[in-house]
Amino acid sequence: MKYGARNQLQGKITSIKKGDVMCQVKLEIPSDSTMNSVMTVESLEDLGIKEGDNVKVIVKAINVLLVKE
Amino acid sequence: MKYGARNQLQGKITSIKKGDVMCQVKLEIPSDSTMNSVMTVESLEDLGIKEGDNVKVIVKAINVLLVKE
Amino acid sequence: MKYGARNQLQGKITSIKKGDVMCQVKLEIPSDSTMNSVMTVESLEDLGIKEGDNVKVIVKAINVLLVKE
Amino acid sequence: MKYGARNQLQGKITSIKKGDVMCQVKLEIPSDSTMNSVMTVESLEDLGIKEGDNVKVIVKAINVLLVKE
Amino acid sequence: MKYGARNQLQGKITSIKKGDVMCQVKLEIPSDSTMNSVMTVESLEDLGIKEGDNVKVIVKAINVLLVKE
Amino acid sequence: MKYGARNQLQGKITSIKKGDVMCQVKLEIPSDSTMNSVMTVESLEDLGIKEGDNVKVIVKAINVLLVKE
């Protein structure tokens, strides 16, 4: 299984908040950082994921914004 | 300084590859994971970043894809 | 403060519509144009913004679509 | 002609920088602000645009990041 | 009418699911494949589309992820 | 294998154009339509794909723009 994206992390789901059309999934990635994914509720149901599940976290490099504070 | 995005990590730049229009920046985030950002060369020059610099890494949650392998 | 994005405008918030997971923020940019941002309600609360506030509006150039009518 | 996107501005092309695969187009929008679009060179050629042309500038609201400085 | 995007398909709307802020539109593209678009409810109302209508489906190539299974 | 995205098509690679940082991959999807994906050259090399290979084409619904002509 190979993904055409530069960012690939392992995440563990810590919470899921379902709305009417969209939902928000919180994940823990290594070193106790938190990440979030937003998708349709329909995608969530297709994924069939729940709290505690391990998932692959994919982000295309173009969607990563750098800021110099 | 507050960002309207759910994913905010600290990164340290490990390499920069410049193309004609676009460039690719590699970063190390906590726990030795690697991330990548693609932006215009012009944005890179405005940022004024180089290897070893610390930057904020921002990703909107909608751009995070989850995969259940 | 430097952003790795080619589009950076100043905006003033004119209205906020909160949904269950996502929200929509309307902004006025110079010359009376209107822009909109969609984010999670959680991001909105972290930003702590309200009508009348000034914010920076950031868009990566890759997300700008040109159409020749 | 109707677009399913919340951000629609009028722009006038001020410069085009062509790379091997991608290109960067600079635009002037009302009140002398500058915007940028990145697309494939192939898309640029299909658009058939050049400096001085007027184009529609479309951005989905989800791709607009707000920052409170 | 020319679009600065590499992916342009014809779609016919098969269903619309409206939420509070966002909505999800299902489309049939040639050869009975299904596609989905998520936008704000406000964009949907501006588009003025309903089941059975034909629309143009536009996706910038950068937003297309390839996976080798 | 499950993806948290509403658009999942099967594609066959018809050509690859490599630039310095980015590359463009053309695909044929069912019913002779053409699609394109842009990614980093590095991602292409990791994928290890070539003309004639079959790949999964993934697009999040939020990145699909509808236009009513």
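Letters are used for the chains, namely A, B, C, D, E and F, taken in the order the chains are written, and counting of residues starts over at 1 for each.
We take it that contacts are C-beta pairs under 8 Å (C-beta built on N, C-alpha and C of every residue); 3 or more make two chains touch, one makes a residue touch a chain.
No experiment lies behind these values; they were computed from the predicted model shown.
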Far-end chain from chain D, centres as C-alpha averages: A
From chain F, the most remote chain by mean C-alpha position: C
Fraction-based call for chain F against chain E, same above half, different below: same
Euclidean distance of C-alpha centroids - chain B vs chain C, Å: 21
Centre distance in Å when chain B and chain F are each reduced to the mean of their C-alpha atoms: 23
Per-residue multi-chain contacts in chain A, two or more chains: 1-6, 19-20, 22, 24, 36-40, 42, 47-48, 58, 60-63, 65-69
Inter-chain touch pairs (all): A-B, A-C, A-E, A-F, B-C, B-D, B-F, C-D, C-E, D-E, D-F, E-F
Chain F-touching residues of chain B, taken from the complex the two chains share: 17-20, 22-24, 36, 38, 62-63, 65-69
Chain C contact footprint on chain D (complex, rising order): 1, 3, 5-7, 9, 11, 24-25, 27, 29-31, 33, 35-39, 47-49, 53, 55-69
Chain A residues within the chain F interface of the complex: 1-6, 37, 39-40, 42-44, 46-48, 60-61
Chain F contact footprint on chain D (complex, rising order): 1-5, 19-22, 40, 42, 58, 60, 62
